[in-house]
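First, the structure itself, so that you have it in front of you.
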């Protein structure tokens, strides 16, 4: 019961505290401790040092073990930087939204953990809807028109999408009619056990609805727009949180239904649907990068691209699946650094336009270097993680003889690489007379930089250490999906 | 009996399609809420139990009282114009709606050959979903979008009753709560929008572009 | 070894004479008496005795260039076999060395010209560089093709392996000698490519490059140009070998006759043709190249 | 842990460790000391490892040292390239001392440059000894990225941004192609290890793989038409880096091609022909492009293309030999290629460093503004002259030796494999001769315009410090040594071929050529030259000698502007392939009676870059801009997309069965 308390009840309680107490410093400390507890517990759980006993509708298996680790890792770093971030003076309107910041953050943690630990589709649905609701006001942090619009669009699109997902869930229960007795419907393991018996038509329908519905949250094209708007206009820690963990929460739902599908005859269909979706999102990212004019949107589209790659890997199965899981981990870490650095740049220049941001290297040398390195990392330059996971995915594609897909995504990735780096270099190096004149003082080394450096080191160390626990866990996930390398 | 209510439900959709007044949407929502509640109570008329009554009551509370009142309040506060201004002619819209409803009924009946489900509630629920989407697509006013979203939700609810899947009580409640919170947040957002953009048109929300 | 030295000495001492002969014949054809045949020797001696003057803008390049050019001529001439004598330097692939030492000479020639910093020399140098480019293929087409046919890569071997028992071979040699003749005209900057004794700097190629040299430098330049001419003459004559091996007396005879005929032909050409326009010269050289390609065709027919 | 720890290998590792330790000195407090110490330590480490690798190279008898679970394996070919890299990086690093001086003065971020440079050296050494595909790819990426980051020393310049971006993009294209290649190999052999590939004889579709490899590594090496990035990137890099890039990095491309060949041999003959033709084209047009340039570093970059072409010709010859399994041709071809790789590394870095010294003093790379430097810096011009003669492939320097081997290869091919071969070989020989002639033209232009004559733009001060002299001296002495005493080097090459390419017992063709002749000829040549020099001195003393104004055809006040310029020197030659060089001139003559100032300029653009690459990119962008539905701003479309997608997918699901 302790685990349930720490994972879900404690954050809820913390958010409640944050509602009572008004001082932001205290908010920070509360959430910091919650984050630490969460992280420690999830590490313990991940290393199977702590055996969990959870109430009904909740249960832990290898997937949730893996994803909750990612979640609490991202959350931990985000919380640490958040205080530093909130201290920055922006405008008096923002002061208003600072009050609710940690409250919502804690609520987000609670709901997201619930979503990840749930072993019942209904529970999952409720929890993930709750995550949307908790994030939506955080998107509106800056209280300006863009953020308002972004919030509206995100909330609306995702709510509708998730409603569709619910229809999918209903179909699923329809598919399992007369196979599962009442009260045991919609539990994952039951469905997986009887996957082969499920009614094919409804299973297909439910897969389509759930996949498309959750795509709005994952950011799979063509349902990516609301997601991109939100990510690009949210404050950087929230953007990091969204790209790092929220999208994965949605992905988890898709994984669940996919896991059921893998044991049924619909497998190939589901695979092809997912591949289509991922290729579409890669294409969208590829097409956007040519005319990008807003660097935070650039990063948002890069998340679209990477989630697309992950989906592709999952759909391909086998080694690519392993690659995809690694990719989700590395991507989550990498995105934190990217968004934090982008946030620094945005704070200095007060603009998201690539045209109006120039010569970052001169004005913010540390941020500039870190941003450059993290961009290189996200573009798949060794020794950072993305390189290894991408190689795994490519190899998996080759093993399953999907040459055309491989060539296609390599083409997309190549141009994404070229254009993204082009834009980023424009930001970093291009001289602009008007800014470099009133170029004031040297940037001083802050906590954010330290954290980014640590994260980058983490990103390089995890793959190079060939950590066995992660690998074993991923193998067991693979096993749950009835695949093998 | 179920079928009767469902028919009423889909009729309310047609009313939505042709009405010009914003208020009408709210009353339709109320009506649909009542229908859903009744649908839920139906099976328990003879064998009465306290658990059976909780859910209908909450539905009545949320879908019939709270949400419509809230929307009314918004409409009053932001004095939104009574008339909706459709992007396409009402008649065309109506035709589209009818056509899609017919198609949905046909499809459902086709599908129901090889799997048993009570067609009419399912189909009307589904058509509610579609109509909800249509409302969002073909209307400019954001408030109507919200209503469209709610109609969609109702449709889903109807389906869930139609296929009689035993969703656990607390999860049903959770869903209702979520929906309510969504609407609540949307209301707040609408307030903000009204005082940042001076208007509730979708056309105002065009800042974020690639 | 000894043979080699002898042949080298022969080449060195005969070369001014050859130039003198050409001038003499030219004079005769133009109806003058002309300078005596040994005039070039006097010229050279006179040049040694003269004061050496360098341009004020010149550098060490124009100090060492004449020496290296002269030496490279010497070395090249020590690759060419004179008659039946085995040359001093002879190993597999020495024709490449031959070509490339000439290249070295050209490199320094151009540099020393540009060293003066006057635009006349510049003009000459540019032309030299351009026409040399066209001259290279001719060399490889003519000499190279023989090398390929004979299967040897050493001058001496090549010319020793020539046997006049194949009909196609004679034609081959004739064509080859024509292209070599043109090559010689280009490389040694005679008419119609260049006019050695015009007095208009704008139209000169080789002469203009040594315009600002005098004294010992000029002596070296002149001497090396004489030797160069002789070398090409020797190549020409060497085509008409098997004889040297059969009968030494006949060999020497043909050697002398060849020299005479060559000098006469050169003189003739110089009298009857006038210098081409600079624009025309590339076409002229390409014509020679095409002849070189003709060699190939003949070669293919021969098999 | 099956590290084979006999003392030699441990010494090798120790050398690497020294190089690594130099990184720590970068974090010293003062910039100056940081650069000084890190660089010194690095040079020491390099010298040490160079010593070791030379020892290995000369004592090696074809055995290979597997290290670190066979992730690293050192065979003779890797040893040769290791030797090459270390050999070149020592003078380059020495040059750093003088190069970074004024950057330190203007408070630039020299530490990061040092860091990346050292990492670049280390990673490029790792590349040649890597035996595992993934490790190789990682090192390759490290190499590209450190090179790129090193270029950013003067990041605020526009040209630097452009050029470095070209480099960045091109290197990533390469990596993607290599991914595919190695994945195919992995799929076919089920292993990541190079020696597995090398052992495994029945790899199917060898040609496809080889072409992929040739494409990938060829981009790095800079064969036409994959060279487009090279003349963009090399000029703008800091000179140290461009010396290293042209000297070493593009050689890694060559290394890769050799490796790929070793995986897949034997290949069908037409591949050889393909390679040789591409190489000939790159050789000829590389030098011709070079002839049209005015930017000294760009010119040198194009010369790299030319020399890569020459190397490729040798390689192609070797392929042909292998296909007809005629031993001598193979040996001569590969041998020429390998030796030319070494030679080009030497003289190209020599020339780049020379140009760097000039750039430091004059602050321009445009040769039209130089001139008369010989009067300021005699030794610099001598070194540069040596380099130029060597790169033109003229005796008595090293360039000649390798080209000689290739020529002999042509002749051998003609003799060995009769029928139509001689004709083609003759054609190739002529082509190579043409390249030689063009190179002569180009480098006479460079030398005469930069060094000779009088200064076109007056030079304030021309300082050359000791480090420049050391590095230049080292490299040019290498040119001279290899030129004058080719025997040991040729022996080395023969060894490599013997152990890695074809194993043969009897004396190879390379040794049958009497290399001592060259030593004899060249030595006698130089001694005679000195003798005549003294004779000349004697005569000059006897009948005096003096210096006066050059004769101006009667015109007295001659100004430096009246000298022959580079454009006019090269004009007649550039006119010939006008359309390929995109060579155009701009002359504006003022027509009126009293002419004002005339203006003439000529420049040439890269055909591939400006006619293929850029248009492709732009067209792609335009097409994608036309796709409207991707950029919707209205939320109703978002919702619409959901409905449509669901509809389409459901249709698909019906179609499915």
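Letters are used for the chains, namely A, B, C and D, taken in the order the chains are written, and counting of residues starts over at 1 for each.
Simple rule for what comes next: contacts are C-beta pairs under 8 Å (C-beta built on N, C-alpha and C of every residue); 3 or more make two chains touch, one makes a residue touch a chain.
Note that the structure is a prediction, hence the values are computed from the model and not measured.
When each chain is reduced to the average of its Cα atoms, B sits farthest from chain C. Put simply, the C-alpha centre of chain A and that of chain D have 44 angstrom between them.
Here the spacing of chain A and chain C, counted between their Cα centres, is 79 Å. Separating the centre of chain B from that of chain C, both taken as means of CA atoms, is a distance of 102 Å. Between chain A and chain B, the centres computed from C-alpha atoms are 31 Å apart. Contact with two or more other chains is made by residues 152-153, 156, 160, 288, 291 of chain A. Of all residues in chain D, those touching 2 or more other chains are 630-631, 635, 639, 642, listed in ascending order. Pairs of chains meeting the touch criterion are A-B, A-D, B-D, C-D. Those residues of chain D lying in contact with chain C across their complex are 372, 374-375, 378, 381-382, 385, 389, 392-395, 400, 403-404, 407-408, 411, 414-415, 419, 422-423, 425-426, 429-430, 433-434, 436-438, 440-441, 443-445, 447-449, 451-454, 512-514, 517, 521, 525, 528-529, 532-533, 536, 539-540, 543-553, 558, 560, 562-564, 568-573.
Residue ranges on chain B touching chain D, taken from their complex, read 130, 133, 136-138, 145, 202-203, 205-210. Of all the residues in chain A, the ones that touch chain B in their complex are 57, 120, 122-123, 125-126, 129-130, 133, 136-137, 140, 145-146, 148-153, 155-156, 159-160, 163, 166-167, 170, 173-174, 177, 182-183, 185-186, 199, 201-202, 229, 232-233, 288, 291-292, 297.
On the chain A side of its complex with chain D, the touching residues are 152-153, 156-157, 160-161, 164, 204-205, 208-209, 211-213, 215-216, 222-223, 225-226, 269, 272-273, 284, 286-288, 290-291, 359, 361-362, 365, 369, 376, 379, 381-383, 387, 391, 394-395, 398-399, 406-407, 410, 413-415, 417-418, 421-422, 425, 428-431. Looking at the complex, you find that chain B touches chain A at residues 111, 114-115, 117, 129, 133, 136, 142, 145, 149, 152-153, 156, 159-160, 163, 165-168, 171, 174-175, 178, 181-182, 185-186, 189, 192-193, 196-197, 205, 207-208, 210.
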